[in-house]
Amino acid sequence: MSYIEFRNVVKRFGDATVLDHLTFSVRQGDLVTLLGPSGCGKSTLLRCLAGLETVTEGKIFLDGTDITDLPSSSRNIGMVFQQYSLFPNMNVEQNIGFGLKMEKCPPDEIRGRVRDAVALVELEGKEKAYPASLSGGQQQRVALARAVVMRPKVLLLDEPLSAIDAKLRKSLQQRIREIHKELGLTTIFVTHDQDEAMVMSDMIQLFHAGRIEQAGTPISVYTAPVSVFAAGFMGSYNQIDGAVFSRLSGMQIPPEDMVAIRPETISLSREKTAQQGCCELSGTVLDSTPRGNVLRYRLQVEDTEFRVDVLFRSFHLFQAGERLWLTIPERDCLRILKGAETA
Amino acid sequence: MSYIEFRNVVKRFGDATVLDHLTFSVRQGDLVTLLGPSGCGKSTLLRCLAGLETVTEGKIFLDGTDITDLPSSSRNIGMVFQQYSLFPNMNVEQNIGFGLKMEKCPPDEIRGRVRDAVALVELEGKEKAYPASLSGGQQQRVALARAVVMRPKVLLLDEPLSAIDAKLRKSLQQRIREIHKELGLTTIFVTHDQDEAMVMSDMIQLFHAGRIEQAGTPISVYTAPVSVFAAGFMGSYNQIDGAVFSRLSGMQIPPEDMVAIRPETISLSREKTAQQGCCELSGTVLDSTPRGNVLRYRLQVEDTEFRVDVLFRSFHLFQAGERLWLTIPERDCLRILKGAETA
Amino acid sequence: MNRRSRLFAGIFLILVSCYLLLPFLMTLVYSLFSEWTDILPHGFTLRNYGNLFSDPEFWSSIARTLVLCAVSVLLTITVLLLAMYVIIAVNRNLRGFMQIVCMIPYALQGVILSISIISIYSGTGTFLSNRLLMLFGAYTILVLPYIYQGICNSLNAISSETLLEAAQVLGCGKFRAYLQVIIPNILSGVFISALLAESIVFGDFVLANNIAGNNYQNIQVFLNRRMFKSSGLASAIVVVIFAVVLLITGMVLKLQKPQTGRENG
Amino acid sequence: MNRRSRLFAGIFLILVSCYLLLPFLMTLVYSLFSEWTDILPHGFTLRNYGNLFSDPEFWSSIARTLVLCAVSVLLTITVLLLAMYVIIAVNRNLRGFMQIVCMIPYALQGVILSISIISIYSGTGTFLSNRLLMLFGAYTILVLPYIYQGICNSLNAISSETLLEAAQVLGCGKFRAYLQVIIPNILSGVFISALLAESIVFGDFVLANNIAGNNYQNIQVFLNRRMFKSSGLASAIVVVIFAVVLLITGMVLKLQKPQTGRENG
């Protein structure tokens, strides 16, 4: 049974339709990512769920209750904003305890739960510090603690890491994931960064222009995109016209299809391997660039350029100009309808 | 012969020493990246070279001339700033032509060179647009054109891409690299993002606390870090105490050393492979996370946790709890002095 | 509940605006009717406006006020733009000092300023003892903090220091860069603060009366003299002044709008 | 060249500050010396200050001014904080309307405001025709735009709308969140604008003279009456007022400093 449910939700700002008859649901305990380019409506959806925007049409259910018209303060939802939004006049402890005080918790219980929350985000020793004296990453951890200390029915994270440095971002992604597992909180995470979505999520909802383009586990969305948009957004797929690929590989692809091949599914070798279920193409190395722990080669195969990713190991180093064989498993040559971008 | 040379440069702001007796040089035509965490002095170095800050001690040479005391406007240097810094009251054409007008170029020549620069950054059709109507990426391309149109002796890029979205950033990295190759301009690029430095550079100068920690090609800095700081900053090296690693692997490592192993050099398999020159450890899969086109496994080997990266291919998928063999080539077990962080 | 609080909001704001606008509306009524003894006024007339517009003294006092506005505001803008160049391009540490200097006129208002100025310069017998010159000088001081604030805000909004650096790297000298790059970009902001300053000068009575008095009668001095003769005529003058200043203020608001939009975008 | 332009900068700023400070310095000298016929003044005396401080009317006029300041500024702050709640929490579209309303007092300065108020309320014979009440009302209008600007800037500086949303999600009602989260965070900013407004009220002569006159003599009215009797005494009053207002302004500047620092950090 679904824990959170959007039924046919429409949101318009003036003439602009930001959410277009959206229906989707979230299971209890999942960490779901809303992924999409900026302006696709993913943050608006989150704000509708939090009660910070009213929906134009449709219904929102949480744990079996219709919350469409409930005020924000009665929804029992935790939220972390992009800009931290800590209360500047309160120290870490007071910020985290604010919601409990609103609930009229007894002071002893507040003290205990705040202590646990501080420990959860590893900020022991900073209890008396004010937000202005904390780094961005620390502030965001306080905001996280302030949200989870309320034991909300659902935790909403609205691009919480986009203002934070690359190195620190990775460790906070890890921490959020661990906290999610530890507390079992149903969590909705909004981001425009596909790598982040891959690392964090149980389920990805890929947004495009106010609608959901594709939904599924990170691996299924990544390995089986349903449209040209999804293939372009989720990875750096080689997208090749069906007719061209038929000519290069000898496989039979209808010309109205595109073929999408992930760069890391292609193997490179100096000799032909003649593997079962694979097609082999001959190409010339144009150049290589190190990307993290992967080397990306660009190869010219007749009139078409291929990108191939291999692990950064010494026996994988090829020179520009070398003639190599590209081995592509046939099951990794995905077929996508050309017109699918407008879906 | 070196084209740009810093000799014993010191820069102090009040009591704080930001550049600490720095000596280094750049060859003509190279794209050199100054890489380091924020506050390490890399931007200050760039600003000293541009003449926007005066150095406290030392000399700076460009193309054989001492430019230490030259004003900014006479150094013949192109610069792109993090915040675009286009002139808001001028359109794209006027922005790009501004420097040429200052040089009193004839109008015909200005028109031609501006047209070429617009084409170089692929902004045809936007010549009459004003900065406020352009996206961040487009503004930064205008800033780039405005700098290269002057045919400067050296092009300085001060974190030009850090305010730009992840997707767009990658394509601009590519474009800057191509323009550098096309024009052969000596270029100095400042960034705090190690992946960006790997993609862009001919040479990396790794900064740490006002000094250069390590210099070399991206591949040499990445594969052979000289210190714990460099290993931590350049990749997600597994860093293991020498004594512990000796016990696990049977190799003889002095206990005052650390062993650093890149996660992508380790191979995983269900059967023991008994490869030459490798050590093999047995471990249990804890979990896996997709990171871009790589799957990162965490494995428990006795009391030590290892991170292992493998390409995202279907035959590489292992389950949590599986018992696997880790094969590590001995030449990829780097030894680093423990005390080296303070170097 | 949302609807109730919106209703409350509307009523509250209407009350506040009534409180602010009532004096003016009543003055308007006074100026247009000859009698108001009952609950409703009667005897609609434009006589007061006829008298006013046919009075040559009215027109000359308006002209004098406009000259005062223009000269003092332009002078202040020129001096401050030069001073800000010094601060941005030569020595940023002077900004604090400049801010203190430009706040002083807040403390030097009305009576104090006029007394001080008269007591120093009137006895000197030099060209400085010219009352008109004194008045221009006094207004220059009066508008200083408003224009300073406007210029400062505009400079911050365009991150002027980076622009100046960008221009320098492109081979442009500092002062030239200030003239050709910075000033064109802050002109609209400076214009807005100038308009605000004009409305301050337009509304001044104390300085004009104490320093120049009959020698150079501005519109407020003219008003003050007329108000004892005919309350209807005085009301008409108030309506005219109010309309002019409201026009200026309206222009300020209209000009500010796109600026705010750009910040958001 | 750098050294020369720094020298030029220094000289330029010194000239500007002389221009601004000279009137005050001369007044100080006037108040401290009995004669100034030669180039240098002579006959140092504190008699003017002695006379001033022993005059009970001086002290009561100071007290009246302080009461006027406090009441009008507090009233305005209260009304505006309520109005801003309506704008932030209930209907953001009203902000433009509010801004226009709060700019109106720029157009309603001095003579106009006093004439309008007197002409409406003085004849009504109700409690509104009380001159003192009118004066408080007039000052409330006078300080409105300054305090509005201060509150607005403070609200923007803390991104109040997000804070309000954060508090709501944590189970806090809107109005309660405004009182407990927003207001404590803007208090220092509001305090600064209040001080500025105080210095405006302190410097006013026209309203106090036209509306209340002898009934409720504030410090500026007191000064204006004394200046015709003894120029030395008048100078002493100017120095005292100036010192008080400078003190207020100094406090404003001191309070503003840490705020700026936080923005950069």
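By letter and in written order, the chains are A, B, C and D; residue numbering begins at 1 in each of them.
Here is the rule we go by: a contact is a pair of C-beta atoms (placed from the backbone, for glycine too) under 8 Å apart; a residue touches a chain by one contact, two chains touch by 3 or more.
As the structure is a prediction and not an experimental result, all values here were calculated from the model.
Asks: Quickly list, by label, the chains bordering both chain B and chain C.
Replies: In this structure, no chain contacts chain C and also chain B.
Asks: For chain B and chain D, what's the span in angstrom between their mean Cα positions?
Replies: Taking the mean C-alpha position of each chain, the two centres sit 54 Å apart.
Asks: With centres defined as the mean C-alpha position, give me the chain C-chain D separation in Å.
Replies: One centre to the other, that is 17 Å.
Asks: So the centre of each chain is just the mean of its C-alpha atoms; given that, what is the distance between chain A and chain B in Å?
Replies: Taking the average C-alpha coordinate of chain A and of chain B, the gap between them is 25 Å.
Asks: What topology does the chain touch graph have (line, ring, star, complete, other)?
Replies: The chain contacts form a single closed ring, each chain touching exactly two others.
Asks: Name the touching chain pairs, please: which are they?
Replies: Applying the touch criterion to every chain pair yields A-B, A-D, B-C, C-D.
Asks: What residues on chain D touch chain C, complex-wise?
Replies: Touch residues, chain D against chain C: 5-6, 8-9, 12-13, 16-17, 19-24, 26-27, 30, 79, 82-83, 86, 90-91, 94, 97-101, 103-113, 115-117, 119-120, 137, 141, 144, 196, 199-200, 203-206, 220, 223-224, 227, 231, 234-235, 238, 241-242, 245-246, 248-249, 252-253.
Asks: Of all residues in chain A, which touch chain D in the complex?
Replies: Residues 50-52, 71-79, 81, 83, 85-89, 98-99, 102-103, 132, 146-147, 150 of chain A touch chain D in their complex.
Asks: Going by the contact rule set out above, which residues of chain A touch chain B in the complex?
Replies: Interface residues on the chain A side: 37-38, 165-167, 177, 192-195, 198-199, 218-219, 222-223, 233, 235-236, 262-265, 289-294, 309-314, 331-332.
Asks: Name, in rising order, each residue of chain D that touches chain A in their complex.
Replies: 158-159, 162-163, 165-174, 181, 184-185, 262, 265
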